[in-house]
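Going by the order they are written in, the chains are A, B, C, D, E, F, G and H; count residues from 1 in each one.
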Amino acid sequence: MEKKLVIAGFGGQGVMLAGELLAEAAKDEGKFVTFLPSYGPEMRGGTANCDVIVSDKPIASPVIAHPQAAIIMNLPSLDKFEPLMEKDGLLILNKTLIPREVKRTDLRVLQIDAQTVARELGNEKATNMILLGAYAEIEKPVKLESLKNALKHFLTGKKEVLIPLNEKALEKGAEIAREFLGGK
Amino acid sequence: MEKKLVIAGFGGQGVMLAGELLAEAAKDEGKFVTFLPSYGPEMRGGTANCDVIVSDKPIASPVIAHPQAAIIMNLPSLDKFEPLMEKDGLLILNKTLIPREVKRTDLRVLQIDAQTVARELGNEKATNMILLGAYAEIEKPVKLESLKNALKHFLTGKKEVLIPLNEKALEKGAEIAREFLGGK
Amino acid sequence: MKLIYKKPDTITERDTTYCPGCPHGIAHRLIAELLEEMDLVKKTVIVWPVGCSVFGYYFIATDAVEAAHGRACAMATGIKRAHPESFVISYQGDGDLASIGIAEAVHAAARGERISVVYINNGNYGMTGGQMAPTTLIGQVTTTTPYGRKPELNGFPMHVPEMFAALDGPAYIARAALDSPQHIIQAKKFLRKAFTAQKNNLGFSLVELISACPTNWKMTPVEAMERIRKQVLPVFPIGEFKVAKGVE
Amino acid sequence: MKLIYKKPDTITERDTTYCPGCPHGIAHRLIAELLEEMDLVKKTVIVWPVGCSVFGYYFIATDAVEAAHGRACAMATGIKRAHPESFVISYQGDGDLASIGIAEAVHAAARGERISVVYINNGNYGMTGGQMAPTTLIGQVTTTTPYGRKPELNGFPMHVPEMFAALDGPAYIARAALDSPQHIIQAKKFLRKAFTAQKNNLGFSLVELISACPTNWKMTPVEAMERIRKQVLPVFPIGEFKVAKGVE
Amino acid sequence: MGEKVLMKGAEAIAEAAIRAGCMAFFGYPITPQNETPEYFSRRMPELGRVFLQAESEVAAINMVYGAACTGTRVITTSSSPGISLMQEGFSYIANSNVGCVVVNAMRGGPGLGDIAPAQADYFQATKGGGHGDYHSIVLAPHTIQETVDLMYDAFDLADKYRIMVVMLVDGLMGQMMEPVEFKEWVDVKKFKTPEWATVGQGDRDHRNIITSLEILPEGLEKMNLALQAKYKKIKENEVRLEEYEMDDAEYALTAFGTVARIAKTVVEMARKDGIKLGLIRPITVWPFPEKEVAKRADQVKFFFDVEMNEGQMLEDVKLAVNGKKPVHYYGRLGGVVPTAEEIYGEFKKLVGGK
Amino acid sequence: MGEKVLMKGAEAIAEAAIRAGCMAFFGYPITPQNETPEYFSRRMPELGRVFLQAESEVAAINMVYGAACTGTRVITTSSSPGISLMQEGFSYIANSNVGCVVVNAMRGGPGLGDIAPAQADYFQATKGGGHGDYHSIVLAPHTIQETVDLMYDAFDLADKYRIMVVMLVDGLMGQMMEPVEFKEWVDVKKFKTPEWATVGQGDRDHRNIITSLEILPEGLEKMNLALQAKYKKIKENEVRLEEYEMDDAEYALTAFGTVARIAKTVVEMARKDGIKLGLIRPITVWPFPEKEVAKRADQVKFFFDVEMNEGQMLEDVKLAVNGKKPVHYYGRLGGVVPTAEEIYGEFKKLVGGK
Amino acid sequence: MEKKVIINEERCKSCGLCVSVCPKHVLRISDRINSKGYHPAELFDNENCISCGFCYLICPDMAIEEVRRPEPVKK
Amino acid sequence: MEKKVIINEERCKSCGLCVSVCPKHVLRISDRINSKGYHPAELFDNENCISCGFCYLICPDMAIEEVRRPEPVKK
């Protein structure tokens, strides 16, 4: 098993947090994992993305040239990563901020109006978790439970109160994914 | 013809000026010449020496490892250069500041109480010219006349008045050298 | 309707790379407005620093060079000496100028170099993620003063204009703030004098602009402006520290 | 007979490398005397600069390091932070401290680094043959200002203590002169306060010592001392610029 | 060893240094390794050790120099442009025979460049970017775990030889996270101020002077010969490398650091295709494993050197191979990280259309 | 050419630069080349050109960088420790594609070392002492006359390729005097501000931006490839060397700068003894005359590289020879200048007891 | 009536500074979302805007393109 | 009487500073020459020396090894 995921969006959308959460969960499950962030020049806004590889054997290169899967949170990221995807790769899109359709026809595409869903759940900032939950449900790099457990490493102190919201968002994402899988 | 001379003494004794004068005179005679100074850490006092090579063909290395001739103006310089001299080399010593005798027996040695002579001529600072005049008379790298002519390059402005003194010192040195040569 | 304000043409159409609410953009606009008003746009070379404003040349449409971190004043000196007809601005952050670049800034000032320095003091290193700057306040938490800046360990906030006022080379030295419309109007006045100092060949000029870094201060932009007034200005008071004749 | 003065034991037997009449030696003696009087000899590390005093460790018998040109304050900081029990002196010329090393000196001062800086201002670069220093007087001829220092081209003399007085880190900042027995007595008093500042852990201290460079000034030592009084002290006045409590 | 923790390379570097007994950090922030000083700034005060953000890299290295003169385990960390500013300091440190550790998380250059991973400071690190004839020991780990483990050795080597030890990593290794295990803490209570340290004479019967100055050329030559003797000893005793699938290799990749990690995937790809490819991975890039590479020249058909630069280690490989076999090269520049597929593709071109 | 004048090398360098149209000097004093800035300080103001004593070498190189951005012929001069401080600036200049001339009168190192002549900054100058993949053209004259003549080429090359050109000389060449002739003055009235210069947009229809920054790795790679293309062109067109008595040589000395001058005496000594010794003297040490050296590998029995360092150019000679023939080495360190006798003695040991 | 304050919504980063300094409280953050993902500011009460330009002065993104004042009505 | 001022002639560089500051003019540069080639300073009038130490204070070469003052004559 080797799962290669790219998460991409604006800085501030929680791209890194989503990636680190997945990495932490994978580590907790005793898997090999690498997480590689990459930032644009901006501190806020601008683009940011990360590569996460989860595997059950040692990982050679942490760089993902051609993602098997990608969580895409804004339009520039779709423009950048769509052409790089592996054939049959999985694209999970934050439809709220991506007005255009996917051009390639050899990809599996799941569009989620994630920002809206997150707002409905109570906080737009949980958009990343919805998308991550969906990814985890489809590709199963780690158990959803492990993701939820890992939340406590990141949401500490004052942020602890956000754990339930994020758990819900992960679940919600998984639920949407199940519909998507079922609907296929 | 290739003449290799080292001049050595304390900074402030006019070591460099003597060397440069010889070099200038050689250039004026159309000869090849190199002048290479070397300073100790002190601005004043401390040791200083220079290598002057005068030749009628291009000079490869400006560095003199084993001098054919040396003008030695103080004791530390004698200590340093005596062992380096070529066999039959010429040592011209400023006896005024050199209390000891030369140890090697394979050298030509001319001792001049130069500082005293210079004081008698009117200025201790002309010590270097007395020694240089003696050297020029013995080894003949350039004509004494050329040295005298070259003085005007160095003693300009307010220092012009010093030219006659320095000319006299060069001549005095040459005279002492002739006695030395005659006396042999 | 009468046009009261209009985005200057010298500001490009490109979106800035700054965080929402970051006053770097305000400083840019003031510079652009003044260059237009003083008819300097076509003579100007801006030396951009390393810091969040590293891409400044994408936003202000003049000839520009990108300096090594801290060396903007030296580079500006090289340009101005080699080509005295150019109008040369050195735009620098507080990390760039007050920390790594203090030698080049002090000496450009001491030499009375005919350059104008726009010095953005936001109390930390924005670009690299909010580390302590020489201007960080006592007690302020940054990514390299996690327990708050302690004078015994990290020293004291550095007051560049006050220090430079002890030099004979500067023609104009001032400090302004970018936290409110009123202060911004004043900042523009000070900058105009700084540019005039160069235009009239009077000497070195520098305006420190008290700025904010909402991202690294972990505040909303509005809170950050509030903090300037409440906490920063008492330590870094607005004022003119050196005004040569002919600057006005 | 009663012994009034005696060459301190901490001055070695070795001849100095200084030119006849160069006040570097006076400064050395004052330091050695104070270290003995304050019982600091065995705790002291002196950071020597690049400049005529580069061989200083041959003349004052304490532990010593030789810094890169201008970096003595940084090196002193490293020693003091790593080993706070050491008494650390940074001895620097005006080229070393005010020119290439100004950043390290300003920041050591701003941090209130517990080190004592002895700063020799002889108005030029002695070791390298008398080039202009930041402290060179207007009009003064040096090997790199052959037509005299011109403010439009070469800037203005830099007043380090005045500048440093605008910082919060220093506990003691003063300027003294080495031209006469009276001034030398005063210089020793100032140096004692500077050393006390470190001993009592109060902060950074610096004493500028107005010195001479007879060789490069092309004067006799006596003329050079005269020049200090007539020309240098009017521009660089003696005085204390910052005196923290507990220094006396 | 304890349990695995997930950590950014840049933070793991700091934690490892702390556990290895590093008592003082002086440095200046620069991407992509800001997390290292930030981590130090949290942990060092807690432990009563020294953290100081210097005003610049020039100041930082001279603070390190000062601290090193007291015999303290000291470190600075930076990235390419900052390291360039330290070159004078490195040269002083070398000729003063004091020890310290320097981490360079290389980024794309020249100039301001970018903040992406690169390996273009190999020459600077191994041949001496500063003036004069000197060397530092240069360690080039290829994973975070190895970086952490080597950090202990870095300090030991710095102490043993009184020399600067460079950890030559890159932005990728600084920024990536992976699970890592730390070795035991070094007991710093055992540290003693060495005999030669300049901390004040105290009870010593002699005073200590640390200087790189020697005005007489003959004297300076002696100092240089002593340095060269030290370097010779290090070359004899401290060369490290990993030979991966080299036993039966017909072709050898040569690579260091991040690229070597990627190269292992390439080796696996080739082996899957039945091609006998191996990897020679210098761990010390100075001293470079000349002898070991030379030996393989008799075995393999060619060498294929891959770097994130314009062919720098390439020269050392060629010098070692000394014409016996072809040495090919492939590289990416300016912060682009080559993929395993890409390298393998280039390799296959060289093997030819078999 | 005019009449011969007797001049210190350090002064001749300044005079040559001035005649070659150098319009601005920025620098900081350092022995053994103080006479160069001092000379500039007298002459530049007389000619209405720029002389500025910078506060440090770091400032100096960044002033040079600024002036170079205006398309001005600009120079700085220094010696080893000062050059180390300029490494960051060099790297910026390289990736900004601006031209300038830098003189390094090398002295003994590492660290403060001494003020005697040395050649131990060869690696730094030729491999890039700063970060990133870059090169400067490095000229290594062996007499004052050649230095003076090459100064004109240095500025022409800097302009032509928009690149930094290093004059790699040593303290000996800076301090010695010999008669020298200067070429004609370059007519500076003909100089025009180049199209790309950043002096204010003026009437231009575009604005100019000079930067070494490109945050996207792919973009920075392109900048690097453009640099590499430039370097390739330079390698093809600008290699210079002198081959002295090489036509029938059975042995080849390799040496640059001062040592090459001494080596000519060695060649003469050998020829007197009937030994067919020649000298290959690279004038451009970057680009290094690889092809020319490689060609001689078929002809000579061995190479004997002599330097005032621990064997730096040696590596380039070996890379060029690529194992075809032995390459021997002899060097002196720390500022000691080898004598012709000494080198010849070492050479005879290699030739063997015939 | 023509808008007194012209906002380039694409440039706006929703920092809220203009809203905070508006003495007449006629600006607010809108519900719309621009292509960068920000909710741009909008002038919701043109009438009460006094054309003071405070919003222009403080806007760090030059998203306030123009501020206009109605010409005094001719008597 | 013992010398009030002890000069180490080998250390002296003949700078003349001591001579210039002596309030009693009891110092001068001698005719002797030391091994460095300098004419050292000498106290030629011990009696009139007031042991003020000015010479010591200004001597940059620590050539003035000691300055002593006669004990007041016991009454």
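Points to keep in mind about this one:
Definition applied: a residue touches a chain if its C-beta (ideal position, glycine included) is under 8 Å from a C-beta of that chain, and two chains touch if they have at least 3 such contacts.
Predicted, not measured: the structure shown is a model, and the values here were computed from it.
The set of chains in contact with chain E as well as chain F comprises C, D.
Counted as hops between touching chains, the shortest connection from chain B to chain E is 2.
Where touching is counted per the definition, the chains common to chain B and chain D are F, H. Taking each chain's centre as the mean of its C-alpha atoms, chain C lies 34 Å from chain D. With centres set at the average Cα position, the gap from chain F to chain G is 60 Å.
Centroids built from CA atoms put chain G at 87 Å from chain B.
Multi-chain contact residues, meaning those touching two or more other chains, occur in chain H at positions 13, 36. Of all residues in chain F, those touching 2 or more other chains are 52, 55-56, 58, 81, 88, 92, 96, 111-112, 115-116, 211-213, 215, 337, listed in ascending order.
The set of chain A residues that touch two or more partner chains comprises 40-41, 45. Interface residues of chain E facing chain F in the complex, by the touch rule stated above, are 58, 80-81, 83-85, 87-88, 90-96, 106, 108-116, 118, 120-121, 123-124, 127-134, 211-225, 227-228, 309-310, 312, 315, 318-319, 321-324, 332-337. Of all residues in chain C, those touching chain F in their complex are 41-45, 47, 54-55, 57, 61-68, 71, 74-83, 85-87, 103-104, 106-107. Interface residues of chain B facing chain F in the complex, by the touch rule stated above, are 20, 23-24, 27, 32-39, 59-63, 65-66. Residues 2, 4, 10-11, 13-17, 20-21, 36, 38, 51-54, 56-62, 64-71 of chain H touch chain D in their complex. Contact residues of chain E toward chain A in the complex are 4-6, 115-116, 172, 175-179, 261-262, 264-265, 268, 337, 339-342.
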